[in-house]
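Listed after this line are the structures, all set down as structure tokens.
Heads up, the next two complexes both have chain A, just with different partners, chain B and then chain C.
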Partner chain A sequence: MTTDALKRPPPRNPILPLRLPTLPPGSRSRAALHLTAAVAEGRFELQKCHDCGQIQYPPRDACTACLSVRLVWQPISGEGELISDTVLHHSNELYYRHLVPLRLGLVRLKENVTVLSLLHKECPAATAPVRLRAHLDKAGQATFIALPTIDTPNLADDRILREMTSDPKFRKVLITDANSATGHALCKALVDAGADTIWAGVAEPWKVRPGFSSIADLPKVTVVPLDLTDNRSVQDLAGSVGAKVDILINNAEFHRSSGISDRPGTETARAEMEINYLGMMRLAQSFGPAMRARAADSSVPSTAWVNILSIYALSSLPSQGTFCASKAAALSLSQTLRAEMRHAGIRVVNVFPGPIDDEWTQLIPPPKLPPAALAKAVVKALQDGVEDIYPGDVAQDLFKKWRESAKALEREMWGQ
Partner chain B sequence: MRTTETPASVLGELTQALAAKRLRIVDLSQTLAPGFPQIVLPPEFDQCAPFRMEVISHYDERGPDVYWNNISFGEHFGTHFDAPIHWITGRDLPHASTDTLLESSFIAPACVVDCSADAARDADSLLTAARLREWEERYGRIPPGAWLLMRTDWSKRSDPVAYQNFNEAGQHSPGPDVSAVEFLVHERHVIGFGSETIGTDAGQAAHFRPPYPCHSIMHGNGRFGLQCLSNLDLLPPTGALIIAAPLKILRGSGSPVRALALVERTARHYSSGAR
Partner chain C sequence: MTRTRTRYDGVAVVAPVTIPYVRYSNQDAHWFLARALAALLKSSGLKKDQIDGLGVSSFTLFPDTAVGLTQHLGVSPRWLDHLPFGGASGVVGLRRAARAVQNGDADIVACIAGDANHVDSFRRNLASFSRFARDAVYPFGSGGPNASFAFLTSHYMRRHGAEPEDFGKLCVAQRDNALRFPHALFKKPLTLDEYLDARPIADPLKLFDCVMPCAGAEGFLVMLEERARHLGIPYARIAGTIERHNAFPDDPIQERGGWELDCDDLYAQAGIGPKDIDLFEAYDDYPIINCLQLEGLGFCRPGEAPNFIRNNTFSIEGTFPFNTSGGQLSVGQAGAAGGFLGLVQALRQLIDQAGKTQVVGAKHALVSGFGMINYDRGLCSGAAILGRAA
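Moving on, here comes the complex of A and B:
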């Protein structure tokens, strides 16, 4: 059975009431949250006993074979076999009521663990080899879906997979600052990804960059005024397109390079906070409620909110101290945003790039992340349905070090 | 005889003239609004903050019976007054900051030079000393202590992009050249210079010798600036009285003002064809 290619969805029938968002059951044990955490970062891991080597699922506090508490998280390939399958026709869970009939099955992984999994439409009938993937569901918790072993043309268009991801295809996207290197690249990448409409925000239109017209002239792109420092500007745009935005990509940032005591005054730091921190808050207040309300829209539901943060939100680069502080503030704010958006199942994606190759990182030696690579990573994160990404070598390296020892990394950053 | 009357009756007469609308009040101010553009400095510098407004309460849970806002802006945003300490050349002068300006600085007559045709032809057009002398032949000598206001109709550019008028070479907006500023300061002893554009200097004045003459020379000689004025087309060439008092900011270099002009009803103004 093949998946039909997604067609451009018709507009919502205005005489039918809006479908309200519901969530699958979201409670997990503390041990199970580790599985969710790995999936949120794009990894599939299960517990492995350090003492007897057993891999187990569901996650527990001790090994079910030898009672050892020395459990480590082990990457899982997902290779397995569908050993049985069935179709669920009824559920008392509100969330599943609109998804039934729903294919379910038991998958035995090659690690000899059996899990209950949703089945992709193209997943063959039991018994058959499958690929098991872990995804975040609408509740933001890890869940499994079994896929056929080879990719097919419209694999991503499966309705269950689309519940767990935020593929930009046919979706309406707001990019909060199109008048920047990252904004240019994001506009192009989202056109290529098949977005239905791209609203390209521009603050201070008298300062448009050379080459901006090549973005403004792209099909699907509409330039809109948006200044995140101005509450009224944010409200005005929300008033005109807020009820249509399916994916909001907040890439607006103010970036200057100075420590905190080598540049007099606080005006630049304030300007960074105005956009990087308070700007996100203004967006959340103006766009958040409408996006939450439309999260189960029968046509194209609103689905994701992306924040372009910085790897330096985790550990300050002293030569850019004020910028890092504003991004750390934004990271903290985004965690609250995620908690507030989760009731509707809107995914908040945080992007932690290293230095982006733009005019504000001139003296930072390579490797620097090209804006196009950032944009590509954002689109992929939406397609994959992950929550946190660390695109580029520098981000990957610093993230690894941060996980190993945030304290050691703090010292190491002094020399950067 | 009026000239023998007491000062109190001067105000009485003024009051009567206002009530009888023999004097009209012209508002020369732009609205303080978030969409009005602010001066642009190179991006590596700290910037002049634009006008921003955040609600404290609006008859809501934050204050059921009150509507009020917190506002913020740079000293040099919107229709505003430049005090001499705005420029390094005026830093040591007395009575040169917003809190120490003499009260007599706030009310002064105006001479209005209509440069709107030149500005329409060429955004970089400059007001020269020769042009000022020409104006004087027609309207009389510019009196000491008067404002020289340069009418360009720039304030009618309601699109901020057209108002800023940037291209790769920077900003393009009209202003005085060095000769005009020297003439006004040293030969006519004006109180200051006023413009409809975002600054008193021309958009390309960074390239003048000296750069920014209307800042460096005016302020270096204790004179003032008014910019982002509007409605200059409603003023007569001579005879208007300007009231422009900046906020009394401690060591302030300038401040937004509600600039007003008193104009005699009988006065002919440029837009009625009196050139």
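Moving on, here comes the complex of A and C:
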């Protein structure tokens, strides 16, 4: 059985009632939240006993073999066998009532644990070898889907898989600042990914970058006025396109390089906060409600909100202290945004790049992240349904150090 | 060192009571359990303060347990047992109560099980049934036990060549039995064609493979035989009992319930074999579990239940009287009371109170329990052989 290629959905029929968003059951034990935490960052891990090596599932508080409580999380390939399956015709939860008939199966992983999983349409009938993949569901919790062992042309277009991902294909996207190096790259990448419409925000249309016309002339791209420092501007744009935005990518940022005590005044810091922090709040207030309302509508519902933050939101780079502080504030704000968008199943994706290769990082030595690489990572995060990404070598390096010891990293940042 | 188990000599099981089932009820579990206790007193002629032991099973008693129920019902037992074993709670409750009575920790133990079924309470119970269910089952389609048993049924059919007609034969026979049982919620005959043509629920399960949740209660009393004789009430004796939890954890998927580990012990206690069993009250929330019990309790070899079904008849006058009340599939599943239904009906059979469902002259009844799909399999299994009083 093959998956039909997704077709461009017809315009919404305004006579049809708006389907309100519902969620799969989202309550989990503390141990199970570790599974979700790994999946949110794109890893598939199961519990492993530090003492005897036993792999176990569902997550427990002790090793089922030796009772040790020293449990770690081990990356898993997902290779396994579908040992039994069913088609569910009836569900007790509203969310699944829209999805039945729904295929489910028991997958015996090669680690000798049995996992109850959703099945992709192309997953063969039991018994058969399968690939188990972990994703976040609409409730933001880890879920599983079993796939055939080899990729097929339209694998990503499966309706159950699309519940777990935010593939830009045929979706309408707002990019909050198209007049920047990252904005250019994002416009191009989303056109390539098959986005249906791209609204490209420009705050000051009278001073666009060289090459902007090549972006503005791309098929699917429409330039729109958007100044995140101006409430009215944000509200006006929401009034015209807010009810159609499926994916909002907030890449607008104000970036200057200074510490906090070398020069007097707070104007630069204030300007950074106006865009990097308050700009996100203005967007949330103007675009959030409509996106939440449309999260289950028609065949291409609203699905994701992307914030381009910075790896320095986790640990400050003192030479760019005010910028880092504004990104740390934005990170905190995004967590609240995520909690609020959660009720509709809208995924908030946070992107933590290292230095991006643009005019504001001229004095930072390489490696720096090319804007095109950032854009590619954003598209992949949407396609994979991942929640937090750390694109590029610097971000990966600092993220690893931060997880090992945030305090040690704070000291290391002094020397950078 | 092999120890010899003390027999259950001198222990009597008396007073089978059923509080009539209803599909939905506004009442809480406490209401049903109170009625079960009252019915036990009425049936035995005992006073409430003569009940000095209490065993309680219920899914919907929350936030109470058996403890809170003592104050709710105004009893002061010196022996108290809360039975979270679901479908195995009848057998497990019986064997604990028997030991308490035998050793003098209590004189008269009331075993009661009951549950409410409000509109939407079934869904709420499913969502918080167990930690593994909440983490790793319910978020995946929220099919409840239908999905869990669909996996086991599908696997069994693939492995052993069972056909829908095999399961259907049991369901149809049980419905025939239910038509003679006054408390059954299903009052219409079921044909094999109706069974096979029913709407699908979770492939391969169709409508009549699945128990219908309802509200109700069941109960019985455990006391010494001499007490029962003194009270002048008929009783059955306990010939043997077993229980087992989380058996065969390394089986990738459940195809054995757990009875296999203790089956020989059960018949050795009773001093009889499977061929001496006159009727079998099995735990039947889904037909597949009937098959696992037929195999696990020695009536046929593993994987041969389909043949056993083809070669026998299961009505009250059949070659193998089976679930003579109609079982949960045709009576309804009143939550934890479903774990008592078979035991209470077996007791009726052995004291000749089974009315139109009476298996004439039955001497030995086998009762089996199965409960608690914690994650991918049922964890609790138990069985008891009850005998007619000498």
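In this text, the second predicted complex is superposed on the first by the 416 of 416 C-alpha atoms of A that agree within 3 Å, B and C clash if a C-alpha of one lies under 4 Å from a C-alpha of the other, contacts with A are read in each partner's own complex, and residues count from 1 in each chain.
The working rule: a residue touches a chain if its C-beta (ideal position, glycine included) is under 8 Å from a C-beta of that chain, and two chains touch if they have at least 3 such contacts.
Keep in mind that what you see is a predicted model, and the values were worked out from it rather than measured.
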Clash or fit: chain B and chain C on chain A? fit
Is A:Glu93 touching the first partner chain B, the second partner chain C, both, or neither of them? second
In the overlaid three-chain picture, which partner chain does A:Pro10 touch, first (chain B) or second (chain C), both, or neither? neither
Which partner does A:Leu102 reach: the first (chain B), the second (chain C), both, or neither? second
Following superposition on chain A: angle at chain A, chain B versus chain C, Cα, nearest 10°: 140
In the superposed arrangement, does A:Ala271 touch chain B (first), chain C (second), both or neither? first
Would you sort A:Arg232 into first (chain B), second (chain C), both or neither based on which partner it touches? first
Determine, under the contact definition given at the top, whether A:Ser27 touches first (chain B), second (chain C), both, or neither. second
Could you tell me if A:Gly415 is touching chain B, chain C, both of them or neither one (first, second, both, neither)? neither
Of chain B and chain C, the partner touching more residues of chain A is C
After superposition on the shared chain, which partner residues are touched by A:Pro58: those of chain B (first), chain C (second), both, or neither? second
Upon superposition of the two complexes, what minimum C-alpha distance (Å) separates chain B from chain C? 37
Complex contacts: residues of chain B adjacent to chain A: 34-35, 37, 40, 44, 46-47, 49-50, 52-54, 160-161, 163-166, 168
Seen from chain A, its contact residues with chain B in the complex are 204-207, 210, 227, 229-233, 256, 265, 267-268, 271
Touch list for chain A against partner chain C, complex: 24-29, 31-32, 57-59, 64, 83-93, 95-96, 99-100, 102, 104-106, 108, 112, 114-118, 126-127, 137, 139, 141, 143-144
Chain C residues within the chain A interface of the complex: 122-123, 126-128, 131-132, 134-144, 146-147, 150-152, 154-155, 158, 199-205, 249-250, 252-253, 375-376
